[in-house]
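Here come two complexes built around chain A, the first alongside chain B, the second alongside chain C.
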Partner chain A sequence: MKLRKFVNWIIGAPSFVWLVVFYAIPMLLVFLIAFKPVDPFGGIGKGFTMKTWFDLGNPSYPSIIWRTLWQGVVSTAVCVALSVPISYQLSRMNSKLKNVFLLLIIVPFWTNFLIRIYAWKMFLHPDGAFKHLLVFIGLAQESTTLLYNQWAVLVVMIYTYLPFAVLPIYTAAEKFDFSLLDAAKDLGASSFYAFRRVFLPSISKGIGTAIMVVLIPALGAYLIPDLVGGPTSELIGDKIAQRVFVDRNLPHASALSALLMFVVFLPLVLTSWIKKIQQKKQKSE
Partner chain B sequence: MKEILRFENITKRYGQNTVLDNVTLSINEGEVFSLLGPSGCGKTTLLRICGGFEVPDEGRVILDGVDISDLPANQRAVRTVFQNYALFPHMTVWENIAFGLKATGVDAKTIKEEVPKYLELVQLTGYENRKPGQLSGGQRQRVAIARALINKPKVLLLDEPLAALDLKLRQRMLIELDTIHDDVGITFIFVTHDQQEAMSISDHIAVFRAGKLEQIGTPPELYEAPRTSFVAAFIGDTNFFEGHVASVEGDYCKLKIDGFPTINLYNDKKVHVGEKIHVSIRPEKFMVSLNKPEKTDANTNILHGKVEEVIYLGPHTRYWIRVDDWRVSVVQQHFGFALDERRIKWDDDVWLKFEADNAYMLEHYAEDDEQLLALPDIDETENTEETTSEAPEPDKTEKQEE
Partner chain C sequence: MKVIRHSRIPFIVTLLTLVFLYTPLVLVAIASFNASKYGGSWAGFSMKWYIKLFHEPDIWNALVKTLVIAVISTAISTVLGTLSALALHRSTSKLKAIYYALVHTPLVVPDILQGISLLLLFVTIFSVCSPLLAPLGIKMELGLTTIIIAHITFCMSYVTMVVLERLHEFDNSLIEAAQDLGASGLYTFFRVTLPLILPGIIAGALFAFMLSFDDFVITFFVKGAGDTTLPVYIQSAIRHGKNTAVLNALSVVFLILTFIIVFSGQKLLTMKTEEHK
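Then we have the complex of A and B:
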């Protein structure tokens, strides 16, 4: 047993070291820098101060944070809502067709992220073919702008994060025993009832993973709003980038990052806490 | 007796392959009806057609006088116990059993009253908070049965319900199934490839082969009066003889068999002189003795042979006895035991006696069916999925090559 523990430790050590050096320490640094004053040349000053934290009271922030949350939640919800039927169909396909479709989902990853966003920019451009088509059909006026607003940001975010949501949900659906749906229908359940009460709970872990994998980067997104968004669709990620590159105010950027992290962690901690309570309740029953 | 379910001219094809070929059968209310046959004979497809999971290419399904052929699965008053049980793994036993009521919109109060009744019926009271993963195979099976019965279906379909259990448990569950059937009185349709299971539980059995209905009957009818060599060989063990009718005297006839003594037969098929016929004689119908036995009546057959093999099996002994050019399979029940008894041994000269009424003429004979006659040491307890194809080549009744 002792040997086994030792071997486990040896195997786990590299990833542990990796996590500490490249994840935990930088995170701590971010927190620490938030308590430092800024120095006139864009560096970090000496001593400690709480001033940066008070600066977060900037009146433009609440609406930006609200928009960030709202965009993140909506794009996550849409991604998951699209991924569930996609995964359902994928896992029922024969393996040949399945591989083709999985490939189609993965292929975009082989193209540079920036190039894909610029492709969207061209697609939604005021002089782009899509806009002209909409005008031609009569769905849009010549003056409509498809680009540089929060809807453009939302569409591109959903496009970008959809594969991240499909893959974990598909993995869960692939393991699902579809004869259970037959059983549910046999017991008198409608197709929708069977889907909701049997299929969805069975892939709930995949959905949970998908939510995390999409929501977290969506909250931190800054490239997409920067390129396809306008001044009214800034997200907190943009603000952090501005503080670093334009204002050269690292403490302020750190404080904002810390705030964002807090916003991300809070729901995670809350849900796991609620789950624990539920499990305890079940056990005591 | 009232008919509850009728299949009318059901035909089902998968591409070129005809899985069910014009099957018509009728099932009475309250009985246990078995669909028996080797795997791939179409019995499960028929069950799935009844459940609404497959659509037949031709034919109708009539439940309690109403054509349900076009109803979706969730609107049919039939319930299925699936072969793998298909319990919902994320639900507790209680939730699994209550599922059918919840899904059909039964109110919470009724559910609270009904579920404990069915838990008790399948003897799972106290297990309601367990998940299927925490149950044994037999317990899972019982959850599946309770879950299917709680909606009070008109017919319960059981798809190889015992196949996943080990032998001892299978026998216990068989008795339990029978008890549950007596308790609820619902019609059971039982799909199995195991003839012993079917024989022990059923009121009627329909024997299938390659998508066609071979014979329907009560277990004794199928065993004692098989229509075809397939039924005779698939249900139990038997000896096949081929011969020509030599003479007909009243209700009896004489059968001339090449390389075998001429035997007397009861002529229930009204055959004529010169006709070529096949007969099946069950191994236990022979009496084996060291001394020449007395004839019971004028038509009793007495044969003389030599013991080639003796297999002692506890309640009975199996002999293979050479009679002229043929090997005859014989089973003898042990009625009593005496230490000083002179037992029949290998190479003994023995006498075989059987009554003319106990040889049964077949309407249809196919030589391939002899492959179903498994060797005794393999046949007794084992029943693998492929009873047909894995049965070893028998040669006990085959005419020996010279």
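Then we have the complex of A and C:
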């Protein structure tokens, strides 16, 4: 048994050390460097300061944080709301048709992220077919710009994250025994009532995963607002990138990243806390 | 018997979503065959943007760089990820929970945070080490090495998770049986465990390759001035709105390749599960 333990240490050590050095320490550095001053060459100065944290009081930040939060929550809600009926539909199809539909949903998921954003930029282009159509049916004027605003950012976020939400919910729905729904209806439940009280609770785990895998990247989104958003639709991610690439103020970028980390981990901690309470409840029942 | 009617709403939502998913992509595909450089009007069918795409040296250079990075990071992250999956699977130690958190949390941290944290690490290391290395004529700067380190870091966790899942799936009694029959630890590993988890390792490696090949955000933070990978090239082309006609053609090539890979992957997976049954 001693040998087994020793072998295990040897196999586990390289990746453990790698993750500590290139993942855990860098994450801690984010907090540390936020307390450092900036030096005139765009590097990190000596000593410690609280100045960067006071700079976060910049009046433009609260609205950016608020926008990041509501865009994250809305895009997550829309993605989940669409994924539930899609997963229901997919898991009820016969296996041939199901594979075709599943493939159609997975392909955009694997298609390069930039290409998908690019397709939308072309789609919403002032000279694109969609704009011409909107003008033709009278929903838009020649002067309306579809791009570079927060609605464009929101739509593209939903577009790119939707497959992330479908997959976990579908995996949960596929394990569901659909005869339970028929049984509920035989006992007099309406379709919607059966759906809400029988189907939804049994896929709740998939919904939980879907919320996490959409909400977290949405809160950290940077490419989408950068490419299809404008100055009025910036998110925290844009600000971090600007501090790094435009004015090379790494401590400021660190402080913003620490803030983002806080925003991201808050829902994570909350969900695991809720889960624990639910488990306790189930146990006591 | 009561006839149970199914609601049409889920089907309609599914169809509309597919329309939503594919309309922009289909329009880009159509535009890629448009002889006109500008998307506004149709000037006849043409393949000239595809021909131009294949004669664009910048794209070829970027592709080679991206492939080099992806191959190296896939190889190293597959080995490291598989080892950590084996260690996690076998371990009974108290460290296991910490180890698991180290492997698991990178999967949910937004890529921008991974990018900036690694940049901060490299900047800190450089500022400490360069005064020491300068007399030796060694210069440390951001470049291919830092990109590869970053890619290994974010690919590794995916490989570990995929292999770990495979390890949980199969029957441990097979390994115990081999050992009961007198097989040594190494022999059991190479003749029993490895063949059983190989599909997981291959799937993990493919996953790692795709992630590395597609990554823009993390690369952008840790790259040096001249390191234009394909995603970096595409981002700058989108941003500056240059060469969009060629970009249309490139998008179609990406789409077709993705379709082929996903389709064959799905075929492979269904074949595997049918074999099991």
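Going forward, the second predicted complex is superposed on the first by the 250 of 285 C-alpha atoms of A that agree within 3 Å, B and C clash if a C-alpha of one lies under 4 Å from a C-alpha of the other, contacts with A are read in each partner's own complex, and residues count from 1 in each chain.
Throughout what follows, a residue touches a chain if its C-beta (ideal position, glycine included) is under 8 Å from a C-beta of that chain, and two chains touch if they have at least 3 such contacts.
Since this is a predicted model, take the numbers as computed values, not measurements.
A.B. asks: Which partner does A:33 contact after superposing on A: first (chain B), second (chain C), both, neither?
C.D. replies: A:33: touches chain C, not chain B.
A.B. asks: When the two structures are overlaid on chain A, which partner does A:201 contact: first (chain B), second (chain C), both, or neither?
C.D. replies: After superposing on A, A:201 lies in contact with chain B but is clear of chain C.
A.B. asks: After superposition on the shared chain, which partner residues are touched by A:11: those of chain B (first), chain C (second), both, or neither?
C.D. replies: second
A.B. asks: Mind working out whether A:19 is in touch with chain B, chain C, both or neither, as first, second, both or neither?
C.D. replies: In the superposed model, A:19 contacts chain C only, not chain B.
A.B. asks: Is chain A touched at more residues by chain B or by chain C?
C.D. replies: C
A.B. asks: Is A:186 in contact with chain B, with chain C, with both, or with neither (first, second, both, neither)?
C.D. replies: Once the two structures are laid over each other on A, A:186 reaches both partners.
A.B. asks: Who does A:129 touch here: chain B (first), chain C (second), both, or neither?
C.D. replies: After superposing on A, A:129 lies in contact with chain C but is clear of chain B.
A.B. asks: Check whether A:118 is in contact with chain B, with chain C, with both or with neither, and answer first, second, both or neither.
C.D. replies: In the superposition, A:118 contacts chain C only.
A.B. asks: After overlaying the two complexes on chain A, where does the chain B footprint on chain A coincide with the chain C footprint?
C.D. replies: Touching chain B and chain C on chain A: residues 182, 185-186, 191.
A.B. asks: Show which residues of chain A lie in contact with chain C when the two form their complex.
C.D. replies: That would be residues 3-5, 7-8, 11-12, 14-16, 18-20, 22-27, 29-30, 33, 43-44, 82, 85-86, 88-90, 92, 99, 101-108, 110-123, 125, 127-130, 159, 162-163, 182, 185-186, 191-192, 195, 212-213, 216-217, 219-223, 226-227, 237, 240-241, 244, 250, 253-254, 257, 260-261, 264, 268 of chain A.
A.B. asks: Under the touch definition given earlier, write down the residues of chain B that touch chain A in their complex.
C.D. replies: For this pair, the touching residues of chain B are 51-53, 72-75, 78-80, 82, 84, 86-90, 99-100, 103-104, 129, 147-148, 151.
A.B. asks: Once bound in the complex, which stretches of chain A touch chain B?
C.D. replies: 177, 179-180, 182-191, 193-194, 197-198, 201-202, 204, 282, 285
A.B. asks: Taking the complex as given, what residues does chain C use to touch chain A?
C.D. replies: Per the stated touch rule, the residues are 2, 4-7, 9-11, 13-14, 17-18, 20-25, 27-28, 31, 38-40, 80-81, 83-84, 86-88, 90-91, 93, 99, 102-103, 106, 108-114, 116-121, 123-124, 127, 149-150, 152-153, 156-157, 160, 185, 210, 214, 216-217, 221, 231, 234-235, 238-239, 244, 247-248, 250-251, 254-255, 258-259, 261-263, 266, 270.
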